[in-house]
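Next come two complexes built around chain A: one with chain B, the other with chain C.
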Partner chain A sequence: MSETENNLVKVTVDGQAVEVAPGTTIMQACEEAGAEIPRFCYHERLSVAGNCRMCLVEVENAPKPVASCAMPVAPDMVVSTTSETVKTAREGVMEFLLINHPLDCPICDQGGECDLQDQALGFGGDASRFDDNKRAVENKNMGPLVKTIMTRCIHCTRCVRFAQEVAGVPEIGAIGRGEDTEITTYLEASLDSEMSGNVIDLCPVGALTSRPYAFTARPWELRKTETIDVMDALGSNIRVDMRGREAMRIMPRNHDDVNEEWLSDKSRFVWDGLNTQRLDRPFIRQNGKLTPASWDAAFDLVESKLKGKGAATAAIAGDLVCAEGQFALKGLMDALASPHVDCRQDGAKISGPRGNYIFNASIAGIEEADALLLIGSNPRLEAPVLNARIRKRYLMGDFPIVAIGEAVDLTYKAEFIGAGADTLADLLAGKQSFADTLKNAKNPMIIVGQGALTREDGAAVLAAAIELAAKTGASFNMLHTAAARVAGLDLGLVPGEGGHDVAGIQDAAQSGTIENVIFYGADEIAGASLGDAFVVYIGSHGDRGAHRADVILPAAAYTEKQATYVNTEGRAQMTEQAATPPGEAREDWKIFRALSARLDVTLPYDNLAALRAAMYEAVPHLAQLDDVIAADAPVAPPHDGLGAEAFTYAVNDFYFTNPIARASAIMADCAKAKNEPKNRGDSSEGTGTDG
Partner chain B sequence: MSVRRLNEEQPAEFAFTPENIDWAEGQIAKYPEGRQASAIIPLLWQAQKQAGGWLPEPAIRHVADMLDMPYIRALEVATFYTMFNLSPVGEHFVQLCGTTPCWLRGADDLKDVCRKLIGEQGEITEDGKLSWLEVECLGACVNAPMVQINDDFYEDLTANSFEQILSDLRAGKEVATGPQNSRRASEPEGGLTVLKGDK
Partner chain C sequence: MMRFLKMLFTWWHHQTLSTLLHTRRRGKLMGVDGQGNCYYEDKHGASINGKTRRWVLYNGDIETTRISPEWHGWMHYTVDETPDQAAYVKRDWMKPGQINMTGTKDAHKPAGMADTTGYADGYDAWTPK
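This part shows the complex of A and B:
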């Protein structure tokens, strides 16, 4: 660092002197100096293409305007971004871009948030001098998420570069040449990526727009709420756009340490799931059928079953629930003197100190790693944006990646050295050459997926991975698939002394020793496995859990409450309320608070602030929002020895991992498109603007 | 030039002949490890030759697979260069130069001949023998007007001589390549005017 500081290059931009590191582009230097440079093809997270020419600036002694995005600074360069030449150059470029760009802004979904529109206003001329017909381009199929209106394309190639570089699915390209250049996928196949929606954000014009959002709203009529995503355990920063009570779309927000500015398709397009299959009032099962009821009637029934049966009551927390709700649930169960609490509804054998269950190296830390071992994890489906980070590191070079599990396409080159736990045992015994690679690396990483922990010998796999990490000096990282999990483990939602875990609860329910089960957003458990137990479902969606329930208490979804979630690296983040819960649904913690009063074990808080104060006292780091608190070193838990079975991955049906996604018609379309054979040679929708 | 598309009808599959595979491996070996995609143009060209003068879609995939590159990257190359024909062509594929020097020297007459004997651009005669395409300058302006038929140039054409060539090719007769007006290469028409010897 000090070396580059000493070698700073002095550049003058519009009369203002700035000092920048050598290798900086003129555009970056201009931004440093506060001068705004218009651009279309340049994107800071993609390679430089330099083909739109919008960023032309004048450099003293240069014979003609230079493209500032591609030109590195030189010492004592004098740059002008406001001269007459620059103004003319921009007007010229804009005029050329608009020769073939349709003037259909009134029927274009990009209208109001369009780079071309904004920049034409800011930097363009006032009228066109061209009378010839504009070119028309046939629309291309890119799958169920990306709608194309290719006549609007200005060939910036951002989508091409994104697919190639970030998503790792080189399927978009520019065919033909000159005026006949067209952006397409090979024979118009759907994009085979879990991150394809990002090309919609990247497209500076309305050529690639959101198909599910098409013609539904204008950006200026949407109420925007900045919040956190819960579709995977990454805690991607998002913005939910609402119109009235209805979620219209979800967009990513930039967070350099978490999701950069990308978002997985599930997180982005799950919004219609928020509007359907909602539990908007309490239900009671009568004669085998769920019938609407009042809160009082529902509470009466729960009270009659649970009162005095605390020890025979168990609780399971699901994948999308918040820290506040889990804290209240834990408080309730403690008050009922029941040790049967578990937040690991998938049955993952996770135990030990905090270092045992978080992504210790941090997500941004992937970029500093120099060797990677994946154990039973397919990050491409479990956390697509984190997978893109691994790919980013892979593209920097010198990054051996080895995986144990079924061979899959991870979008980067990984060597699959074995399928099961026996390979892990070999590694630990030093019988695999990759053990030396890990040992010799400066910053090696081990990522353990949930698929490796939910099996019979899960504890042994966890222990082996921790031991291997200790032996090789690698960081131990757990990749969760549930947004709720780390908070649940932080808050201690695991069986207490003599308590049953998820499997134990199911057995005990069948044998009758457990009479009541509280499902807090738990939807991944087969209903039949609970025998005749009385099931209370507290959650937002009518899914598997509600199906089994005897009483349903409607709660808020993640966009309807201000709540804390802790991502896989242990970063606590808070969602904001974008809407109120539908109908009679209430915030989760309020339900537990009300229930506790009915059961004569009233929880000691009456408002969210008091609950948080109690929660922060119990688990102080939850108060440190957006901070990653380093955990103690992992400790290998006790176990009964490794099996030899092959690992299976935690996520196979990417589009259906949780109740909200299962309620989403868009996710269903995606899954359908994915399972269909690639539709080669499909005819297009026609040209122009079918508005 | 207009938008170039893959042909509607495509063969089910394409594979290089063993000889062409040998040849292709020789081409690939010219480039350093990891840069084998550089051989894309010669390989597509060879595929086009093998497929009878045009590039079927399975051939693009076949070449991409050989070079370990994404299909779309190979398609980009195949659609960029007009030397790759994306639709079938006649056995004798006429590329007619219509750029200024040839045009001044009578390329329009040659086009009329094509229209008369073959049909519109891109059409193939019923016997499959001939098809034609107007192209930009082929670099033989000094012998204008000219056409290229498969790998050979036919220069100093007139409507009559061109018609004769097309008829002969169609009939399977031997045709002389190069200038059609008894001129040698691009020497002056009436014989040499300079460099006649020592004198």
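This part shows the complex of A and C:
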């Protein structure tokens, strides 16, 4: 028997004996025994507050009922969760909570998914004994995403604890005592966090609800599809709620190794972008103007330009595209004998084996790290949920964090020891004391951001980071910003023998050696840089790429296809289809397949299963969904020496990083709120009882 | 033969055989409406819940909303006089009866229903500048 097993504490819950580790709370022990305890303030991922008292249970020999979420078990404790005392106690707590809770469920957005509503069904009285006036609380301004109806608040303080502990923005707090307690943001400023939407999920009542979703739907009329997010390279697990063809909201799903149960605001609120600016029919450019056309006419035009011009055709894959589409694109370009393919539209100088471009330590691995070096990465904007993981590790203590780049607020304490590549060179040469810290740490981590790789000397930065990792025994981790990137690199969408990369393609297009460019969801490239090239745009939204295009072939967005995405740690995950592509739009791979037939280089598959079989044969680990497959050790690529300029970060406009976000009016509102000075917000909205 | 079997076992295309036999034996024809539906009363006064039994043989699909408005009151025991007996007059402001459209494409859709929201088909298409 191991040590811990010997130390187990025996407790009896409702006559059933269970053995739990010492230090377990009574609530957890009860759950172990299968007894469900009602609660409002307790939350697994937040600290224990013990202030709602809904979780009262009876403990033998205790003078009065105890709050089970805050009380650790003691040996031979006898707990009852079903006794008359417990029932009366819970009913009492419920009655007190309802004293000041408005009875406005019919006009409350939480209706149907409200903890208070559910638990009042079990423990509420049938009539009120309260004859006085209910209190009313002024609503607070929490920005464009979180709507507040503070009269409904039951002061569980989950939102306060979330802001302080997870988001790292201590801007929500409670003021006043007793009946006058109010939850408020300091100085009525909106929440300065990229994760503020999570308080909506946490709030057990309807005090904090989603402002953009307000009064648009009820939970029971929505069709829910569990899928994967693509707004950053984290691959957060999400649920998309649809009504008919319209996306109504996006919620996080739990995945302990990826996003826990959090979601960044961009991923959560981008849904209105899925309903606007959609490409729903093919377009061709006639007399300088894009005009709607049939698929046949569009294909005719592409055929007339591309046929026999394979080697003068280049392809660039964008940030949100799926593995299946990229595989088909690569297949098409191979068949056309063109080596000019690139999936790094930002121009990042990434090369080498798989270990060179994934987050090798895994996201959950951050919690085991004991020193961290950030190179040209601002994880707060590049992957807010991953940043929360770093903060979680930081709060555990003993975690020196050093960053190279422009000093920014990361929500935890990080020392910025330099701005550019010269500091990296110093570290490598051992001239910086942090090099020793890394060396002496057991589990050090180095995270490299895309901002450090898109520069002239990107390859040198990559090489230096890899050498530093090898020298100090640190894990090498790359933080991507594009959901499509790792799959693209896995599938080899990089220039072949004599092929041009993104910059090369632009030059060649200007000089005329490249005549045709296929933009597959690529929207971050200035249209003018392609000279007179004939541009075929394949994508879902009318954005920069579509404006430059000569032919537009409408494709599916990430919620409209069952497709594979590989996140920054190399975890392959599959999205599910929540809606059909709009109008005449088609799934991406089908477009490439149809195009290949027109160009007489027919791809050898005509259904998704056959395509996947071929793809899995080429890259076997894509078939292992939800697994992180360890990559070989990184190898420093060849380079021409480090430059000296300061690093810039890959993400500056957090709310506008991709075509879907740029189409979203909610994202535009967020950006506007962010840029406004933090003045007193408009709280003239009333108290929530105004209907 | 098929028609005969259908008459025996299915009730939704036409009256079943037993209803026809019952009508032959006990029915007293009270009147026929504009669509050809025939309204009957039990000729021996047999009653259900203290009321003389009344029934209708539809001329075509069995669909209760096909009962003509003028006969509706009599069928539902609201009045005891048939339209003929009551000298029913159709005023020009009375609309003709209409059958229930639920489940068909003509079903009523109030403004603001899911698929009649601002977006055509639930999305907003891009148009080039």
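The rule is short, and it goes like this: the second predicted complex is superposed on the first by the 682 of 691 C-alpha atoms of A that agree within 3 Å, B and C clash if a C-alpha of one lies under 4 Å from a C-alpha of the other, contacts with A are read in each partner's own complex, and residues count from 1 in each chain.
Note that in this section a contact is a pair of C-beta atoms (placed from the backbone, for glycine too) under 8 Å apart; a residue touches a chain by one contact, two chains touch by 3 or more.
All figures in this text were calculated on a predicted structure; none of them were measured in a lab.
On the superposed chain A, the positions of chain B and chain C stay apart, so the two partners fit side by side. Once the two structures are superposed, chain B and chain C can be ranked by residues of chain A touched, with C on top.
Of the two partner chains, neither chain B nor chain C is touched by A:192.
Judged by the touch definition given at the top, the superposed model places A:669 against neither chain B nor chain C. Of the two partner chains placed around the shared chain by superposition, chain B is the only one that A:182 touches, whereas chain C remains out of contact.
Of the two partner chains placed around the shared chain by superposition, neither chain B nor chain C is touched by A:576. By the document's definition of touching, of the two partners only chain B reaches A:170; chain C does not.
Here the vertex is the CA centre of chain A, and the angle it makes with the centres of chain B and chain C is 100 degrees, a multiple of 10. By the touch criterion stated above, A:370 is placed in contact with neither chain B nor chain C. In the superposed pair of complexes, A:14 makes contact with neither chain B nor chain C. When the two structures are aligned on the shared chain, A:334 is found in touch with neither chain B nor chain C. Shortest separation of chain B and chain C in the overlay equals 41 Å (C-alpha atoms, whole Å). In the three-chain superposition model, chain A touches chain B and chain C at no common residue.
If you check the complex, the residues on chain A that touch chain B are 170-178, 180, 182, 184-187.
Contact residues of chain A toward chain C in the complex are 221, 243-246, 274-281, 283, 289-290, 541-542, 546-547, 579, 582-583. Within the complex, the chain B residues that touch chain A are 1-4, 6, 57, 70-73, 75-76, 79-80. Residue ranges of chain C in contact with chain A, taken from their complex: 114-115, 117, 119, 121-129.
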